[in-house]
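Heads up: the structure comes next, in structure tokens.
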């Protein structure tokens, strides 16, 4: 993993559960070694670790992989899978320009320090949404964006994955304050665009930490 | 776990199943040790044990963790996960002021003795709810609250988790009488607000006991 | 388990699958011993065994526990869970008076000989049902009951569990003739109340037998 | 299993997956022995074997059990379950006379040679269907039957299981030509009755073979 | 596997996960041997390997089997299943002529080099679709096809499986550029036919590679 001028276009969030009987220092060491291998895959620009302990019942930790291309992303993911942690969720997509605003919808920067929390969820629009005139959809997306502008302390990553995953988009948010992020989502629920959301679960909240901090959380006895 | 003047803002309910072949005194001892470690995490204000044996097919016991902050909650949860019990559900959120009434919706107090039963469930409102004018929603929530006032022997814990979990709210009820709680829920089903509930399962009923009582329930031969 | 004058108010149906590699005489003996312990729990009034072999893919046998109180029911369930059979379903509730008829809806008597088959399923009413005037719901429930009166050879157990389980009611039927019970259900599908049923699965059919007969069914080589 | 004059009234289709690590000749021999025991259960009239390899991800083989009564069916099923294959689906019901036509809807005969393929699926009608006048439903069922008459090379088995299973009916079709059966289903999708189908999955396609052929398919190295 | 003049009519996509503890060179060798056996089954025309690592949480690799007949397809699948990889999805069907256009909807050719990516998903039409006049459906399918004509660099495989699988169709797309394929799908979402799609998940994206490349991806340490 090395510094780069260009922001990565491919992001993936891999959530894993520790299988029964494997909350051991042996597993912790395997995760540590795998992360080193994954970080050194050419084309991988960022690799961050998170704890989901107590916030989800189906996983314990999360890795955020940022890469220039899908094959690099996959190679990094392969190293993490080789730990025999049990994969719970894989959410991925690419940064693209919005057909409504021409902008990417992504404010996250690799070089910035990570915030305390990450929230990731996928979403899909209804059939009705796509039958609306483009201009009407654009108007609603601009209202939607305006609500977000009141929350400038929250960074957004908007990933396109229509036709490539079980959902159309994956969104990631970085925040230092979970209640403040919750306020943002609550405000969004009353926008005109909201009823055109078909599905937006699972919603996965994770706490940022260095690898050692996350391993200390997930493997408390080691 | 130490006494505190301030009521905790973060509550989580962790439900676990005992994996096949592990209903042994060895597992019971591991749970006992984990609970001690979890209770002594700084910032953890309450930690209570419940049996769900026979009331659910997907879990056997429940821990209620009350903490001042999310990281404390997570550290306590990590100790419980380290027992290798199989996590079934994790329901959590924070105590906040209602946008409709200005009050928290929470009457539960840590210092009160626990009641015989705890019922926990998550819920999510429909899209239509959030498109209604604020005043109309407020009116319905006040009617909803009035129904609850007839059941003053039942304590409520209302947790906000919109955008942080697969559901928007988690509610916990303490009661000494399950049928009386059932009457409360039945009365609520005829309020005007009810059709705006999209989903309110799983509904998890648990019986309170000291750790020794709960272990005696879950591991009857030990 | 001892005879009692008072009919029990708490009933639960526990369905279990035999885990892979455990269809052995050792497991059969554990089930036998567990049933004895469960039967002797104070407050347990009835405990009956059923085979679901071939009638469900997710379970093999069923225990019907009738008790005076929830804690007794739970203690009996704990003994059955200690066998390491894999729990598939737990359906429970309490006998209560109907708000529409004032009667309990339960004709099953503990002292009667069990019929050849038991059918158990949970159900939940729609939001629309609870928004109807009480008198209109009452009228529909009376029509519903009239259809049932033509099937007097079928005994019914109606359990209330609103707000306590993922569904609002659990119903059990005892019949000697499965096709006749199917006729009853088919007749009910054309009543006015039927469209107000939101969900009524899983539907679990089980064949009654003594413990030895059921073990002979489930563990045919032992 | 012996020849009989009377056609069986109870039919069940049991689908099994071979668990990981068990695609061995030892398992194949256990299946062979179990099938012999199941075939010799009194009251069992037919027992046929099918491969679902590659046609489903959740199972590998299917057994069709035809019996005079439910207890015989269950005893045969118990022998197959004793192999420790993992049960994936159990679909069963009884042959009955249609309330619309007075006929059974079943053209399958035990004495006929089995066709190359079997397709089995359950289905449930909507609430709206049962609120229609009987005469209107009858008219639609007759149209539905007329479409089927153009496919006389396909045999049908219609099983009633309303109130006894998670679905109302189970249907089995025997065909030598899968594309021709697909044409039949496609034609049915445009009948007036079709929108009254609430659910008709899983749809399970299986290829007929002698036990040796099916074992050769499922355990290719043995 | 040998060259053939005739294009195969049966295609299946088998997705597998590597079970916990099996990301070893031993498993890699078993997969290699199984693929050789599967390729040499008479009637198998093509057998291609793909990595889904990091793109799905429920599988790691995919095999595309093209065969002249269902039994050949099944025999090849049996060899792959014998590796004890855990089957995640099996999507299959046959190439047929469209009732609307008379053409097959399939542009994929076995002799062409495989493109970098494969996207596979099943889909089912709504009840409403089949109640529309044939001519209206035809008109919508022609509009749908016109949108596809702008993406001539993407090859399509359209498989019919109505009444044979849990869905009606399986579609496979070959592309060198995932974002371009995503543009195609997005454009399709605004066609008049789109609201008649009931379900189109799972959507499975896989990266092409030689067996050695794919094994290197899935078993990175071997």
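Every chain is named by a letter (A, B, C, D and E) in the order it is written, and numbering of its residues begins at 1.
Rule of thumb we're sticking to: a contact is a pair of C-beta atoms (placed from the backbone, for glycine too) under 8 Å apart; a residue touches a chain by one contact, two chains touch by 3 or more.
Values in this document were obtained by computation on a predicted structure and should not be read as measured data.
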{"item": "Chain C-chain E separation of Cα centroids, rounded to whole Å", "value": "44"}
{"item": "Averaged-CA centre spacing for the pair chain D and chain C, given as whole angstrom", "value": "28"}
{"item": "For chain B, residues contacting two or more additional chains", "value": "none"}
{"item": "Contact graph of the chains (line, ring, star, complete, other)", "value": "ring"}
{"item": "Cyclic ordering of chains (reference chain A, direction chain B)", "value": "A, B, C, D, E"}
{"item": "Interface residues, chain C side, partner chain D - complex", "value": "18, 20-21, 23, 51, 53-58, 60, 119, 178-179, 181-182, 184-186, 189-190, 194-195, 197, 201-203, 205, 207, 217-221"}
{"item": "Residue ranges of chain B in contact with chain A within the complex", "value": "12, 14-15, 19, 37, 65, 70-71, 73-79, 81-82, 84, 86-90, 92, 94, 96, 99, 127-128, 130-131, 160-166"}
